[in-house]
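Have a look at this one before I ask anything.
In this document, chain identifiers A, B and C correspond to the written order of the chains, with residue numbering beginning at 1 in each.
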Amino acid sequence: MTSSKRRLITFVIIGWVLLLISDHVGPLRLYQGSYVATYTLAVASIILLTGYSGQLSLGHGALMAVGAYAGALAIDKATLNPILGLIVATFVAGLFGLILGFAVARLSGPYLAGTTLALAVALPTLANEFEILGGQQGLPFDVGSSPERFGEEFSQYKWYFWICALAALIMIWWIANLVSGKYGRTYRALRDNPIAAELSGINVGRQKVIAFAISSGAAGLSGGLLVILLGGVSPSAFPLGVSFFLLTGAIITGLYNLKGVILGGLILVALPEIADSLASRIGESEGLTNSLPDLLVSALLILAVVFTPNGPGQILKRHHSK
Amino acid sequence: MKRLSIVSAVVATGAMLLSMLPAQAAQTTGVTSSEIKLGISSPTSGSAGLVYGKVPGAMKAYFDYINANGGVYGRKIKLVAKNDKYTVKGAAASTFDLVYQDNVFALTGALGTATHQAGYKAASLAAENVPDLFVNSGWSGFNDKTAYPTTFMVLPTYAMEAKVMAKVIKDNFPGQATFIVAQNDEFGDDARAGFGAAGHKFTREFFYPQGGMDLATGKTILSAISAVPGKPVVVLFGTGDATVAMLKAAEELKLTKKFTWLAGSVGADANTLLALKVEPETIDGVLTASFMPDAKDSTDTYVKQFMAINTKYNKGVVFDNYVLAAMNSAMLTVQSLRAAGKNLTRDGVIKAIETKGSSFASAGLVPLGYSSTSRIGYNGYWVSQINAKGEGKPFGGKLVIYTTDSGTGAVSVSNFVRPTMPKNGIPTNS
Amino acid sequence: MNQFITAVLTSLSSGAIYALMSISLVLVWRSTRVINFTQAGQAVLTTYIGYGVIQKTGSYWIALAAAVIGGALIGAVIDRFFMRPIFKRITSGPIALIAPVVATLGLLGIIQASIGIIWGISYQSIEAPVSTDGFDINGQVIAFNRFNLFVLATVTVTMLLLTILFQRTNIGLALRASAYSPEIAKLSGIKVDAVRTFGWAIAGAASGLAGMLYIPGYYLYPNAMDLLLVFGFIAAVIGGLDSLIGAVVGAMILGFGLSFSRTYISTEILFPTAFILLIVVLLIKPDGIFSAKKKRGA
């Protein structure tokens, strides 16, 4: 069996298992699960862009916002089906990423980082300026309730979970396919040694732009999923912190490999919750309850960078070779 | 799952036999024989927390007072407070957690417009029929039974406040240029709608993004309007930190007496302004609108009572207009719970406010507008003038209460006399 | 005319503060090739120290000195005990660029969270040491006060001192050499590690200064310097990360751009303006205005 067939079967099985589980858990776990799926997808897009094609972006929040707004407009103003709305989100964000990728193609590391950072803070406030984008209040992102044929028992949160989990699975599977084949070798080549890559005939500039576009598309989709859970998109849905938050998840997971990506999503959801309950158990100090989650996430980030800069997989590899 | 329902069945049977005791509401989320769990999602950190951070603590203080005096039919009220950091994400997560993790009976005092809109949707409050009591927002959109079937407002809408302000400007400052400085979101939009409905047109309007009003922006705006002749009226329709930024910018440019300042109630608590280092001479003469007695007016029965509760149950917190409003909402909450009867259900609370809410006792000097068709709380304002000591006295010397609606209805003077405070501030309604 | 003058004056005041932050970032970049996001944490931490000193002594000036010295110490400690070990572990691969940046991000989070736990998250304020009333010029009060003048003067002096340091002193030469080519510098006897730590120390001092000059107009809380970090970074990128002059010029361009857009276009588009300024500059000169002619390896 080829590895791509194996991958497909793996993903299908994962999907099936998730849908089965969704029948037996309450709204809290479904809601959290939806967030895990969304964050996992976002982290995957960062891994593609930064880990595989070597472009450090600090503005993934902006790309997610583009997708979210595009999808919201499609559903709200063009009255499209929510699933179509998500597809629109993906494509519009991908297109935006294509253009942006061209614009920043000449920029090296820190300059690219600076530009994406500025984009991350600028884009949300821009949404405020245009009536059609709903101003500060934003636009609703309504995926409606579950289709009738699923029956009355199908809760709203289960519907959210199905949408998020399936969308994330499909997109991540597609990206995984992409980086395992020819494209994957290409990206690794241009990341590790762009000069050698150029010499062996790879059009470095073009590959980087393509990676940017695909990554943006995935980010846009995750943005659309996120605003489903928020009920709507607004300028305040994607503050700068989101970009850093997701980057943290990508580092912790391991920037160079998609294999552990769901770990990133899980940690991004679980860690703040654990920190919250820890904080409320420890003390009444307001400073503590508010700051402890961030402290733990940041500490974990530093530990990850210092001890497993290539991701947790590195530890496993070392173990095996012993 | 099965074991739980057997236990519930036994308990329910037992309750029916012993009908003298309060009904076992074990089936109603958040209610037990000894406790009622309520939840609040509001900012207690950041620039919003700077201004509104006192709200949960003040409500809890009032609830503690009631708990020490018999509770609600013997049940103690427990308030679970979550800091949503005034962000959409935070409010969505906080509200969701309150409903599905903490399993509260009802929400009370949810703060913020965009934030609560998100929280309401994310937690499916409509589908779960969770009562959403006395939200701290003046956005008139919350008075929509289709979109927000479980929500009850308490603050008058921003549109109402704008209309009253428009009348004050028309009556007292005819012929002067007028300017407005407001947030560029539904907070500011609601105000705009109100001024528009009252037929008032500003000489120029300035909008800033939420959180984007600082000294530099203030100076920019002031330099644009400082050459206007006469004594223009400047309406500051923003949060406390924005009002502070504008006033301090005026201080630095020595323009404080050039304008007549009309500060929206949201950002005009004199105590807060002084605490954030605005000069007393600057706030002397600032006009604002309020629907409550001034927090410094210790001759008012409600204020005196709440002050006493604050001293005993909210140690270390300075009593100001925010504490007053929060305790007032807490008092309304207790009356709502009582009015729903000993067999406390979510439906029951909602119906109780619809039918009996408009006659609840409260510190407000304007009437409450709850009915089967209206979820509006207070529907009017009186205009106060702050002096250098931070006290708000009726503008013009005599207290005049204006009531209106959020639409095109006229602003009229009201003869409303508020209900007498229940003894010791402990409601005994049913 | 009044609006124009106000715009120019506010541009100068804000540009000066952005310059202090962008100088710090460029200093670190030049000596270690790291985008130091922790700078915001260092700045706010030193400002809290300054705040504590004011509580105890009542003097802004002592606090200012404490912040500058404290900033230098903290900067040195971070490089010696945090950045250096990280560099030793990550020797190759593209992670070499990303890991230190991400590490500084993590450290920023830790510092801010720790401040929140120790000092609490409520807003504090620091009073300006001199009058904030606008100067009275022929009866017209302008949007410039003694404090703004003080800030401008301080930044100018700092720039002069740094220029003298880099161009006229041995250690300045060592700093430049270590950044440009560490191997060769080592061969000629320069203790590259120690020199680098010194670079971080100066950067820390500069950002400590930035904090104490910035906060009096705003409030002090753990995330108070985040916005300044973003603007400082954008200013540094506009000017070219390798150039100290670029840092100041970039900061002024940003200050003027933001002020004028706020005055003449709208009070609502602060960030979009910054982004447009940045992208326009980078489209023309991808390495910033004062980028070196020869491209050094990233």
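Rule of thumb we're sticking to: contacts are C-beta pairs under 8 Å (C-beta built on N, C-alpha and C of every residue); 3 or more make two chains touch, one makes a residue touch a chain.
Just so we're clear, the structure is a prediction, and the values are computed from it rather than from any experiment.
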item	value
Touching chain A and also chain B, the following chains	C
Of B-C and A-C, whichever chain pair has more C-beta contact pairs	A-C
Whole-Å gap between the CA centroids of chain A and chain B	38
Centre distance in Å when chain B and chain C are each reduced to the mean of their C-alpha atoms	41
Chain A and chain C, separation of their C-alpha mean positions in angstrom	31
For chain A, residues contacting two or more additional chains	125, 128, 286, 290
Sequence positions of chain C contacting 2 or more other chains	121, 268, 270
Residue numbers of chain B (touch at least two other chains)	45, 184, 209
Chain C - residues contacting chain B, complex	2-3, 5-7, 10, 13-14, 121-123, 125, 127, 132-134, 136, 141-143, 145, 217-219, 221, 259, 262-263, 267-268, 270
Chain B - residues contacting chain C, complex	45-47, 49-50, 53, 184, 206-209, 212, 214-217, 219-221, 223-224, 226-227, 251-255, 276-277
In the complex, chain B residues that touch chain A	44-45, 83, 87-89, 92, 96, 100-101, 113-114, 117-118, 120-122, 124, 127, 183-186, 189, 209-210
In the complex, chain C residues that touch chain A	29, 35, 85-86, 89-90, 93-95, 97-99, 101-103, 105-110, 112-121, 222, 226, 230, 233-234, 236-237, 241, 268-272, 274-276, 278-279, 282-283, 286-288, 298
Sites on chain A touched by chain B in the complex	26-28, 31, 125, 128, 135-138, 140, 156-157, 229-232, 234-237, 239, 286, 289-290
